[in-house]
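Below are structures written as structure tokens.
After this come two complexes, each holding chain A, first together with chain B and then together with chain C.
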Partner chain A sequence: MKARLVLFGIGALGFAAVWFAGARKLDPMGSYHGAYGEILNAVSVPERHSTNVVSAVNFDYRGLDTLGEEFILYISVVAVAAILRKQKDEEEEDEDEAPTQLREAPDSDAVRLFGVGLVPVTVIFGLYMISHGSVSPGGGFQGGVVLATVPLVVYLCAGAKTYLRIAPPALAKGGEGLGAAGYALIGCLGVLAGKKFLENVVPLGTPGEAWSAGTITLLNLTVGVAVGTGFVELISSFVEELLRKAEK
Partner chain B sequence: MIAPLQWLLFLLLAVTGPAVVLTREPVAQAVTVSFYGIVLALVFFLHQAPDVALSQIVVGAVALPLMILLAVAKVKRKEASRK
Partner chain C sequence: MLGHLPYALAAWLILWGLYGIVTSRNLIHLVICLAVLQTSTYLILLAIGYKAGAVAPIYADMPAGTVAVDPVVQALMLTDIVVEATVVALLLAIAVQAHERGGSLDPARLCALKG
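The block that comes next holds the complex of A and B.
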């Protein structure tokens, strides 16, 4: 134990010395020497009608990278679902196991009232974030996760049966595939129009309005669907056996 | 005006970071890592990166602790059924 601390101390001192030496020569906050950022700031609104430059980069100028990220998430969700799935021999084991507590609606009025207040606000905030990705900070990814917390609140406040009603597993699985495929299909619009894959060929609209920036907004919608349903699918596969009891 | 806030947040980071490591109980750790995620999001927000801050909030303060809690709950259920 002591030797470990001494070893850590030596390493930490060395790290601190190098870190302070490096940090002293750092430029002050906000200074920027690259050209790429300045160019994007200048061209994003006139070229793509997107007032959120980050979205313009993620879903247009570097749209292909985001397609890759979309599939990283997709594969992760598939992997979790595959690892957590019930196998035949496990199923038989389950028959004689102690009954796991099924999540019923809680007795407390305060919890239910909290859920009633929280759900609509979260739904609206999530939809707003997805649909306004090209205008203000946020976008499909952030909004999708916000939306995915809604079934979780419902699960905690209204029980497993209501959860299954608003987020049936088939819907979550279908939405995940549809969202991921939608991104690639919107990318194909550019090819169909005789231009490049993921080229922004949809009418751009007025900068600052929700329906603007062409494919940037459309791609945000598909990402929102994919991420939202993907996270719901994750939650479902973790509480799967409880949900299956609720189905009976 | 920004500088004192910056120092405050950096100090909070320096406190919450080790706190996550020093919390040994997984359920408690989900809470500390969530708090750490929020502080980190505030640092991003203060440095004029609201998009990154939002992503940090949904991943670091919501999704990660949620996955930890769900995994712990599943493991505990398995252990209870073994007994």
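The block that comes next holds the complex of A and C.
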């Protein structure tokens, strides 16, 4: 451990020296003068009718990058499910290991009452964030994660079995695939209309309304489905692993 | 000098995250240290996109032409957060399997290879 710390100390000093030399010449914070961001801030509302410029960048101007981002999420969900899947040799080993305590419903009424109050608020807030992604801060990624916490609250309040009943893994898997495919298919609308992939070909509507900004809102919906179900699928992988251990 | 504070803070976060990873005796703790390390990138991205006196790039309730910060780095930061979440999830899954196979979460005790 001591040799490790000495080695870390040497590396940290070297890192700090290089960092100091590099950051010294950088412009101080607040003196931004990049042209690209200013152009986007100026054209987002007139061109795309999206009052949230960050959403316009993510789902329109750089929409292809977000498609890649969505596939990163998809692949990692598949990878976690593959790592935590039921192993063939799992039955024969770990015989001597003490069974893990299964998380059953808590005895506390306070936790249950809090959960009952939290679930509807979270559902509405998540849906609001997804549907207003082109108007105000939020969007499919943020709203999807908010929605994915709903089954987690249920897990805390009612235990693992109820969790698996309200968030069936088959449904989560289907939603994840559907969301990711939906993004690519909406991108193909542009191709079908004789324009480019992911080009905004849907009517743009009035800026500031929920159903505005064309494909930006539609893509937010598919991302919301993909991210929400993707995170539920991630949590399910861990919960199922826990249940399998408890059954032994 | 105060304008360079975010860069120094980012370096501080990187070093403490690395220190945690180097000295970690628990795989879960190690994953959290990696997450701390990665927060430094958020700080850098926001710092370089910030313009003095500018507001968030949301034009829902402000007139066109209002000076706003760079939306591109904010979009990049969103990507960054998604990647961090997936990396943390993957590493935690690997930690669960490591505990299952090796019976310990201490990285120093995970040396034995079984074929």
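Note that the second predicted complex is superposed on the first by the 197 of 248 C-alpha atoms of A that agree within 3 Å, B and C clash if a C-alpha of one lies under 4 Å from a C-alpha of the other, contacts with A are read in each partner's own complex, and residues count from 1 in each chain.
In this text, contacts are C-beta pairs under 8 Å (C-beta built on N, C-alpha and C of every residue); 3 or more make two chains touch, one makes a residue touch a chain.
Keep in mind that what you see is a predicted model, and the values were worked out from it rather than measured.
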Which superposed partner A:I83 touches (first chain B, second chain C, both, neither): second
If touched residues of chain A are counted for chain B and for chain C, the larger one: C
Which superposed partner A:A23 touches (first chain B, second chain C, both, neither): second
First, second, both or neither for A:L234, with chain B first and chain C second: both
Touched partner set for A:Y32, first chain B, second chain C, both or neither: second
Chain B versus chain C as contact partner of A:E69, first or second or both or neither: second
Which of chain B and chain C A:V146 touches, first, second, both or neither: first
Touched partner set for A:F197, first chain B, second chain C, both or neither: neither
First (chain B), second (chain C), both or neither touched by A:M1: second
Shared chain A surface residues [contacts with chain B and with chain C]: 29-30, 52, 54, 84, 94, 97, 137, 141, 145, 234, 238, 241
Of all residues in chain A, those that touch chain C in their complex: 1, 4-5, 8, 11-12, 15-16, 19, 23-24, 26-32, 34, 36-38, 40-42, 44-46, 51-54, 56-58, 62, 65-66, 69, 72-73, 76-77, 79-80, 83-84, 94, 97, 135-137, 141, 145, 207-208, 234, 237-238, 241
Chain A-facing residues of chain B, complex: 2, 6, 47-48, 50-51, 53-55, 57-59, 62-63, 66-67, 70-71, 73-74, 77, 80-83
Contacting residues of chain A [partner chain B, same complex]: 29-30, 52, 54-55, 84, 94, 97-98, 100, 129, 137-139, 141-142, 145-146, 149, 152, 231, 234-235, 238-239, 241
Chain C residues within the chain A interface of the complex: 2-8, 11, 14-15, 18-19, 22-23, 47-52, 54, 56-60, 64-65, 68-75, 78-79, 81-83, 85-87, 89-90, 92-94, 96-97, 100, 103
